[in-house]
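Order of writing sets the labels: A, B and C. Residues in every chain begin at 1.
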């Protein structure tokens, strides 16, 4: 998709097709989380929709999908998760940009996108964890690591960062690998719907 | 009065090689009931969407020829400039529910709000379309709680409330049970009686035969025939184009109930009966 | 009716208030204690929110929401009580580990903050229809397109999960294993969710068309079927809240300058 019609990845002029992707994306996030729970998987898997929407329609739609995702959680289940809207939005932006520059075409690229997305999440979530929770995440493994690092007399910031890396990075890598598989299998005709600026060729 | 004029319309979807529409030319007058038939992939849906401007504005791709609704050339305007003149309803009623409204009444208001219709006018139009589609009793229900047939009628009401002069129905009953289908067909007939131009794609060929003023037969993106139902359904090559003629036409052929002046066979029960009665005299 | 919204119509005072007023209340309840740097203010807002919720007869519905974060607060209490840097005063000695006063107080601060946020959010979400919230914002100039996305979520997500359960039943009846080792469960995940993902994305095309042909992109000024529901007391409350927020910001600046 790179460079086609000088479409900027940041274009805010997304069309209706891209916009209705957002409810679908949030729904998929929700279902992913639900099934990770049902299958007792040690991952969240709650950003599949955000990442897929970002791949299809770019970083802006990805960011909105991510933010809406947490807003809806905040307003229906867990108000505190609203503040993590920034984290989800950051993931959407990173994945959207990586996909725009063609990273989501192979396993290597997806892996890299997953790592970058994961660290973007760490970058945003850690300060939020510090402000709202004193640095922990509520995830068993992450918080055990937090306690372990802290007992080595390291600072809370370091402990919190380690905690968040354990919670986010492996999850995002798995999510992006899944997303790559799904993205490749979506019908091509669907992809064209999100490129609203593409030219109409003349047959006259 | 909205007239439709199509001149050598050609269209190709993005990422495809083949033309979905290939040189279609036709004219449709205000108030006509047009049945569109043809096998899957013959271009019926694409043709419908070309009349609303969704082809090419929404899909992009490659486009040639001209489509006029009155004096407006479809290609040159946005979809929302046209949709108060041409409405479209398609197969799956679930996907036509906006999801943002909590009652049927509010759902129908969606389009009117977008077009800035004033409140009292809005209420009047909603009440009228509820009555016309016979769903006034469900007006306070949640849209997703309706049955398929009711939901499809709500979708039609949402379009009718915008008072289009032309309504296009793209297989509106293909996902409905027999009762739901019947409800929708009755509603469509009422629209036609009100003078709205109806263009309907439908696989239930008996219905097309009964309602249509003219039938459009498409195959491979080309317009094969566009004539009164008796003519189209009496074609000997109909099945080669993937269409099975109505039961009464087949019976008529078997019994050789031919109308000699027009060289056609009957398409409905009434016609067949008349011809039989005539022959017995 | 299937909607994720927690809203309940109780014909209460909170129901009658404008969504905008309640949104400003949320902002005030979070910002004022934060700017003023005074935990007792957060406690005050907490109690006030609880009174409002009781008056609206929806306090019971806050319990499950408090429960979700309550568990996390508990882990914070344990971790900070045991490990917080600067822990000095032992409160509870349990042999190999000990709880410290400093850590526990820190955790208490977090708990107050968290529960205050939850309760003020509850004041808004338990008494306000999401569509009303968005409509008020759109009237004030918020993008109707983004507003649409937000409101539609409340109904479209339950629609998707419904369809999901149909698919799951189908997969299970075909003998898909959803129990067993981690590997087996991992392998089950993709076939379970990919059909629903594919069909949802394909459905978006039709929904986009359905919206477009109903003037979703129309450029003229929108009208609203429902009238705006502002009552006189709304203005009074808004003024008080805004003054409160401004004062707390002023206070913050003053303490910095000193």
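Assume contacts are C-beta pairs under 8 Å (C-beta built on N, C-alpha and C of every residue); 3 or more make two chains touch, one makes a residue touch a chain.
Just so it is clear, the model here is predicted, and its values are computed rather than measured.
Considering every other chain in turn, the ones in contact with both chain A and chain C prove to be B.
The chain with its C-alpha centre at the largest distance from the centre of chain C is B. Pairwise, the chains sharing the most contacting C-beta pairs are A-C. The distance from the centre of chain A to the centre of chain C, with each centre set as the mean of the Cα atoms, comes to 19 Å. Look at where the CA atoms of chain A average out and do the same for chain B: the two points lie 42 Å apart. Note on chain placement: the centre of chain B and the centre of chain C lie 44 Å apart, centres being C-alpha means. Residues of chain C in contact with at least two other chains: 148, 152, 156, 159, 203, 207-208, 211-212, 216-217. Each of the following residues of chain B touches two or more other chains: 58, 99. Among all residues of chain A, those that touch two or more other chains are 15-17, 23, 193.
Residue ranges of chain C in contact with chain A, taken from their complex: 4-6, 65, 68-69, 71-72, 75-76, 79-80, 82-85, 106-107, 110, 113-114, 117-118, 121-122, 124-125, 130, 145-146, 148-150, 152-154, 156-157, 159-161, 164, 178, 182, 185-186, 188-190, 192-194, 196-198, 200-205, 207-208, 211-212, 216-217.
The touching residues of chain B, when paired with chain A in their complex, are 10-16, 19, 56, 58-65, 75, 99. Those residues of chain A that touch chain C in the shared complex are 15-17, 19-24, 26-28, 30-32, 34-36, 38-42, 45, 48-49, 52, 56, 64, 68, 71-72, 74-80, 82, 132-134, 136, 138, 143, 146-147, 150-151, 153, 155-156, 178, 181-182, 185-187, 190, 193. On the chain A side of its complex with chain B, the touching residues are 15-17, 23, 188-189, 191-193, 195-196, 198-204. On the side of chain C, the complex with chain B involves touching residues 1-3, 129, 131, 144, 148, 151-152, 155-156, 159, 203, 206-227.
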